[in-house]
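Pasting the structures here.
Shared between the two complexes below is chain A, which has chain B as its partner in the first and chain C in the second.
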Partner chain A sequence: MDFIYQNISVKGLLVVLPKNERDFMDDMKMFDFPESRSLKLKEVMGYDKHRVVEEQTCVSDLAIHGLKHLFNNGSLDKDGFDSLIVVTQSPDYLIPGTSNVIQGELELRQDIFCMDITQGCAGYIVGLMQAFMLIQQSNVNRVVLINGDVLSRKVSIHDRNSYPLIGDAVSITVIENNDTQKVFANIKMDGRDRGALEIPAGGFRMPSNAKTSILEDIGDGNKRSKDNLKMDGSAVFNFVQSKVPNMIDDLLNFSNTNLNEIDYFLFHQPNRFMLEKLADKMDIPYEKMPNNIVENFGNSSGVTIPVAIAYNLSNNLLQQKHKVCLAGFGVGLTWASMIINLGDFDFCEIIDY
Partner chain B sequence: MNNFYEKLADILEIENIKDEDILRDFEYWDSLTVLSILAMLDSEMSVIMSSDELDECITARDLFVKVESKNN
Partner chain C sequence: MEKKILQLLLEIRPEGEFLQSDNFILDGLLDSFDIVILVAELDKLFGISIDGIDIIAENFQNLDTITNLIHSSTKS
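Let's look at the complex of A and B:
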């Protein structure tokens, strides 16, 4: 499905990362796995350092820390936004929404539209799409979009395919309606293959109990329970390679844009390998498609897109505008992309929690 | 076939591959190898294979036959 949004301006981006950093090679010592193969994984996939929260930390903790930072330095007025959207798969509670938790804790005004969206690897783009729809309303002048996950808390420490690469992060994006640019986006979904990325237990279909917490052998010496996040890496790889290049082609056609007009391709960052294969397939030079987020911070699902923007382009985007192509793909399964001019930001930085 | 076995041997970091070699018995048969094979098939042979399809192959020859059947 194709979308066009008008009068959209992204005014700033803040990324909040937990300061607790883990090292891939240290993590791999917990597994019965040859060191030479771990080094190979590090080299090919780009696994190295990753940021994970302490045991009790929630998405709202990082988000509130970030919002206070923006309130205190004058980047954002506490009463100056009309909607607060939170995109997460790791909410503080089943009920109520994390957006209401944040609203309450910060004592934001009542005349505000709080909304939670459950989305994963495409979550940043889905959140932007929702923000852009809201901003078309004459009474909505500014939207704060929070995209965050702390999925390290749901990953089995005995699952070598997930634990050493998972990352936690929260991003805060401010969207306003005072520009003339058109934004183009497309999205597709296929719920039949949703099992490739899932947490089986903990919802109403399979409530968590003593049984769902039992570690099960999943092959290759890895163990995980029904309460844990499952990532079927090779199924996701196939899905990404077969869907994403066509999606970007469609978006370029739909928006009447030439591939060479795009300054940067800021894609979800599952690992360096997958991004390099995508770039090869689409004839995009590596320097236009940053792939350095997993090696520095880990895979934080959809938040890897704003992290990639803030880490690679922050100085750039404070001074000028760039035409960029965003793409997210994963949980759902969902694949979405967007062509947007980003830049002239009021703020663009990464802080620690 | 030689060309395909050479590529496979490169990924598995061994000298050569024989028809009857059992894929799972290779020292370096792991998730990284599986991904590398799927990527090699896609980028160098224009063959899209799923990990489930790869799982069905027992020997190197099984894999070769499956790749050929998808190639034609």
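Let's look at the complex of A and C:
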């Protein structure tokens, strides 16, 4: 499905990362895995350092820390936005929504539209799309989009295919309706393959209990329970390689844009190898596709896109605008992309929690 | 070419009895991480870029399928 949005302006971006940093090689020592193979994986996949929260930390903790930072330094007026969208797969509670938790804790005004969206690797783009739809309303002038996940808390520490690469992060994006640019986006989903990325237990279909917490052997010496995040790496890899290039082609055609007109391709970053294969397939120069988030911070699901923006382009985007292509792909399964002019930001930074 | 591929396989899995196997995957000689490492090494060694959609277990079953994959891959 294709979309066009008008009069959109992204005014700023803040990323909040947990201080706690883990090292891939240290993590791999927990497994019966030869050091030489770990070093090869580090080189090919880009696994190195990753940031994870402490045991009790939730998305709202990082989000509130970030919003207070913006309120205190004058980047955002506490009463100056009309909607608060939270995109996460790791909500504080089943009920109420994390957006209401944040609203309550910060004593935001009542005349504000709080909304939670459950989305994963395409979550940043889905959140932007929802924000852009809201901003078309005449009485909605500013939207705050929070995209965050603390999925390390749901990954089995005995699963070497997942734990050493998972990352936690929260991003805060401010969107306004005072520009004349057109934004182009597309999104597709296929729920038949949803099992490739899932946490089987913990919802109403399979409530968590003593049985769902039992570690099961999943091959290659890895163990996880039904309470843990399951990532079928091979299935996801094949899905990404088969869907994403066509999706980008379709978006370029729909927006009447030449690939060379795009300054940066800012894609979700599951690992370095997957993005390099996408870049090769689409003839995108590596320098136009920043691919250093997994090695520095881990895979924080859809938040890898705003982390990539803030980490690689912050100074640049404070001063000028760039035409960028965003793409997210994963949980759902969902694949989405967007062509947008980003820049002239009021703020763009990364802080620690 | 097969000799070079075998050498790479043994660098990744020194204990693997690849010459005694018709199916490296079913026999547990290669897992998904090994395949990724192998693709990166093959790309480098033969100056090719194996297409992402071809990185599926069927193409890494034995020396013949890997050789065919290299022949069908584009030069980088």
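Definition applied: the second predicted complex is superposed on the first by the 353 of 353 C-alpha atoms of A that agree within 3 Å, B and C clash if a C-alpha of one lies under 4 Å from a C-alpha of the other, contacts with A are read in each partner's own complex, and residues count from 1 in each chain.
Note that contacts are C-beta pairs under 8 Å (C-beta built on N, C-alpha and C of every residue); 3 or more make two chains touch, one makes a residue touch a chain.
The shown structure was predicted, so the numbers you read here are calculated from the model rather than taken from an experiment.
By the touch criterion stated above, A:Ser152 is placed in contact with neither chain B nor chain C. Of the two partner chains placed by the overlay, only chain C lies in contact with A:Val240; chain B stays clear of it. Of the two partner chains, chain B and chain C are each touched by A:Val44. In the superposition on chain A, contact of A:Leu278 is made with chain C only, not with chain B.
Once the two complexes are overlaid on the shared chain, A:Gln269 sits clear of chain B and of chain C alike. In the superposition on chain A, no contact is made by A:Thr334 with either chain B or chain C. In the superposition on the C-alpha atoms of chain A, the part of chain A touched by chain B in one complex and by chain C in the other spans residues 37, 40-41, 44-45, 161, 220, 233-234, 237-238, 241-242, 273, 277, 280-281. Contacts from chain A toward chain C in the complex involve residues 37, 40-41, 43-45, 161, 219-220, 233-234, 237-238, 240-242, 273-274, 277-278, 280-281. By the touch criterion given at the top, residues 28, 30-32, 34-36, 38-39, 42-43, 48-52, 54 of chain B touch chain A in their complex. Interface residues of chain C, counted against chain A in their complex, comprise 12, 31-34, 36-37, 39-40, 49, 51-53, 55-57, 76.
Residues 37, 40-41, 44-45, 161, 220, 232-235, 237-238, 241-242, 273, 277, 280-281 of chain A are the ones touching chain B in the complex.
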